[in-house]
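Below are structures written as structure tokens.
You will see two complexes here that share chain A, one where it goes with chain B and one where it goes with chain C.
Now for the complex of A and B:
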């Protein structure tokens, strides 16, 4: 008798769970679904151009830098913070590297200096937020402002160009007919994904993002882990910025600025992809792809650039609403 | 029973709760509670933690709906669907915290809510200040109206909260531990105000753990225990000792395993410990021993454990674990490495990550054990989780099930498994069985005993006297941050423990 009761209960529980699973698949699937819809829509509108090898390669090329910077943003958002300075940091790193190259420093020195800039900005963010207990919003907004200023000082307020070809090659060269930044983006994404999933630091970041107090009482050094997250985000953003300068063959103080909000939007979009509603790298990449496909498709359709900006804002609202729905469902 | 302090009245009670029943998830919190408060009476509501006082207050203020029973206001049955409907009928509760908004002015605080005087949506500042002043005058308070409420002293903040209640025309005022953060002279001031309100005919329900205050201020008292009202009496007809023994009651205990037969070496020595809410605490705990720590809420019990675990800093004093002196300001991770582990008080907000799997939760406190050069091994995680789940008999579909889906008892076992995988020398437990069913309680007591027998020093804080006596070998009682008494648990006397807890050492 008890057995029977037990088994009916198990079935009921299983049913409930499977229906819940269906529901969550619908919600989590919706972001991926939206990406597929977008692709189908643009394909239907421009069947002869949109899904050609050249255009797909073009989209991948366009989103590779955003993918790298959104990866940095994902790390910080896993910890439960966010970083408004990633775009500015990337511009400054690109500018520093470019200016050093124009002063005929070696390629290695210039690249290292650019990465060091990212490390420094990330460290400052981390110290302000983790140790001096500033809010991430205020701290990264402030560093963003200063970093933009420094970038103007470094570039003298103009667009600098004329870097050596071997540098530009990093952003413009191809391997197997695919631009190098795509490989860099894939490589860095794999590293971030594995780092978040398989390292002890990744576990600590997830725990802090889940509940700071639980993490702390479990022996996690919360301040150190947050400092590390911001520092790493700075370094990765710098790499993205250096590649952007190489791709464009030039550096300007605000050329990476758009990537800040786009990276936050991509992470938000990605949060809707998994059941727990947490930031995750695969989801972020889906978000990056949506933004990339959108912008490329609208370009092909000849939509005004300002309209594109309006649409991007709407996408961010949709993403945040969706991720809100998910959290409420839990 | 309609006698209030000296006067016999035929007046209907200002507030009456009749046969209130309330259960949560099948557990009875209130089993037919009666409470009757006359206008112009200060009525104490007493009982141990968990007796049901706060549930009752939440019901009469409309925060919870009772499963059955009636609430009457001035003799008429009322049905509160929300806090605002209770407020409209004149019932207001003031809690210790959260009663004022620190960032707005005194006047705005007094008139907070639907009462801000305005013209066409623009706040009428002059009329607001005038009306706020009227209320404060009623309490004979001279508090600058324009000052930010956060800049006031605790007693002034209490007064502002009372004034706000009066501004909404409260006829029944419920005060939950109103004097907890006040000094002696401030308490005298608050009492004067409450007596004045009583003279105006306001009915006051006074919840406090401080029995001396109750006997000084109140007219009648009602004692609750285990979700029932045991007795309502005139304060003049009883005494503190009688109240304490009524509050405690008796319950048979087959829940608890036998005590330790032998106690081992000293595992933990605490000397002259000073910190937030902890004043000059010294004691020792031994291998094989279960040391219980009792005291009222706010007596510093939890803070003591948190300091020992490194979760909270301390100003002075030394902590020695198995011969090693802990460095001041050691973070939790360092203290864990030295062998001191804490199972915290609030399971859901401090103990487990609810959305995360059992195995990830267990791994979190044991990352160095399950990883090599910073890379975690999922095989190691599965192994450590399996061991913990077997040792503690955690009931779950699999180690990958999110902890939030488990029962409270199983969640608590996950917290324990996480800490036990560290093989602690000293295990600190804050309310080890709070919110857990009786069956699992017994399991946890047995487990505590097994750990002690294996050489761990277990230190457990509990608010429940039967638990404290049943599970411990020795009991320390805290009162206002210091240890006010030490008792052997065997044959310990509840009344003695409670009088230590109330700071009444003979």
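Now for the complex of A and C:
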């Protein structure tokens, strides 16, 4: 009788553990499953269109700039912060580069100036957050507001255009029939991934994101590392903004605005990909792909833009919920 | 201690005198008892090229005509703009000018102006007559649609059986109205609306990118499936034209606004076929004439809604047009 009870209890525990494991696997793989399901769904709906070379290239082209800016957001979120100014920084960098080109400055000078804008905004964010102890939310919200204002001043409130063809080529040119921004996105993503995984500073960022006090007690210069993360995020956002201006052949004060929300969403979506539930570049790219595939697929199916917005919001909620479960599980 | 009381007493007396002075100079509604003609002007669209021009142009007119002008720039933020205008109304004015701010967004301003019996003269502040304004001078939306669709029809050999994408943005009253009219006219002409409905840009700040994606995705799903794109404003039209060029499609695109970038694209002879010039300086002149008439004789404009003619900008006349972003 006792043996029977023991056996029943063991079976129940085993079942419980097994169902927990299944739940855990479902949560772990949910983002990747979601991407696969989305691709299968849209392929089933439009088999003649969705996975054609032209459309896949389309998707890659559409998400390339977001992938770069989401990469910047990933670095900051690895450290446990976030940056609301990435979209505004990208717009300002694109605007400064474009205006300088229109003033007949050389391409190199204009590009460097654009990147310097990102460096400056990132530094300001870093100093405010790491050294003046402002919350990332308040600091980056404030810099975002000012940066948008500066972008309006730089562009004179209008859309600037007419940049030289060699600049536009950066965003519109193709190599092996694939748009150049796709290569830039891949290159920058590899650098960020390698930097986060294999460099000392990358490991320190992870340590700070994991537990800032433990990191500090282990000898990590937390303030310097956070400053570096925000500065690098500013520089990468600026590169994204410059490419966006080249891709559109024009620059306006708020043309990168959407990228802030979508970059945060992509990082949250990506947080469910790895076991630790932390921000990670590969996960972010999966998140970016989900956003891109969904937008492209819904456009192809002719779904109303307002409905698309609702669906995007729901997916973000689902992602945040899943990453919350993941963190709790950890 | 006695000195402190003396200082406090002096401060209270100064404050009372200052407040008395303020209240006697701002009698409200009628704009005061002196001869100064007080005008409150506001626009939510000061961050657009035309809105920015309007601010400067109204300031110049005020200087020229000796108005005491209070300009409120709203930055598309009605929560900020409306109280600022209402507060200015509380200080008293003779006339209110509304530039490019739709009637539906300023109900509290309209109420405050009515209570203070100050007339509102509006420029492009809605597409239908309303009792909110003593006059609203805008452009003829039907004519915009007729001229742009006429250009498309000429280019592609008629509209019947053709697939045309319409790109709109419903929160903007003018774009909403002309997009609706365009769909109506296209369906009447036997054309098919690409995607079955107006493609709505959700964020005009990134309208070009959204329009680019609409067209690129549609072309990916329907290669050579577009005969033309009609866009409610130039920024979206430019995005659509870029997507068509990248997709090796020769489909023409029309916009509205006559931005310098659009005019350059039309002159370059690519997919950008035409745009519409709206004569905003002439509209402002008409509005100022009405205001001056009211100032002199107290006569309000005869019509509460005026829709002026527009000009189709094509390759033929592009060189003669002043772009809307180069007005001021």
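One rule holds in what follows: the second predicted complex is superposed on the first by the 307 of 330 C-alpha atoms of A that agree within 3 Å, B and C clash if a C-alpha of one lies under 4 Å from a C-alpha of the other, contacts with A are read in each partner's own complex, and residues count from 1 in each chain.
Following the convention adopted for this analysis, a residue touches a chain if its C-beta (ideal position, glycine included) is under 8 Å from a C-beta of that chain, and two chains touch if they have at least 3 such contacts.
Just so it is clear, the structure is predicted and the values come from calculations on it, not from any experiment.
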Fit-or-clash call for chain B and chain C when the two complexes are aligned on chain A: fit
Could you look at A:78 and tell me whether it touches chain B, chain C, both or neither (first, second, both, neither)? neither
Superposed model, angle subtended at chain A by chain C and chain B (C-alpha, nearest 10 degrees): 120
Check whether A:158 is in contact with chain B, with chain C, with both or with neither, and answer first, second, both or neither. second
Which of chain B and chain C A:211 touches, first, second, both or neither: first
May I ask you to decide whether A:54 touches chain B, chain C, both, or neither, giving the answer as first, second, both or neither? second
Quick one: is A:221 in contact with chain B, with chain C, with both, or with neither? Answer first, second, both or neither. first
After superposition on the shared chain, which partner residues are touched by A:305: those of chain B (first), chain C (second), both, or neither? second
Chain A residues touched - chain C or chain B, whichever exceeds: C
So in the superposed three-chain picture, is A:250 touching just chain B, just chain C, both, or none of them (first/second/both/neither)? second
One more residue to check, A:200. First (chain B), second (chain C), both or neither? first
Smallest separation in Å between any Cα of chain B and any Cα of chain C in the superposed model? 27
Quick check on the complex: what are the chain C residues that touch chain A? 46-49, 51-52, 195-197, 199-203, 205-206, 208-210, 212-214, 216-218, 220-221, 223, 235, 238-239, 242, 246, 259-261, 264, 325
In their complex, what parts of chain A are in touch with chain C? 46, 49, 52, 54-55, 58, 61-62, 152, 156-159, 161-162, 172, 244, 248-250, 252-258, 295-296, 299-300, 302, 304-306, 309
Along chain B, where are the residues that touch chain A in the complex? 309, 311, 331-333, 336, 342, 344, 349-356, 360, 363-365, 367-368, 371, 374-376, 418
In the complex with chain B, residue positions of chain A that touch it: 198-204, 206-207, 210-211, 213-221, 276, 278, 330
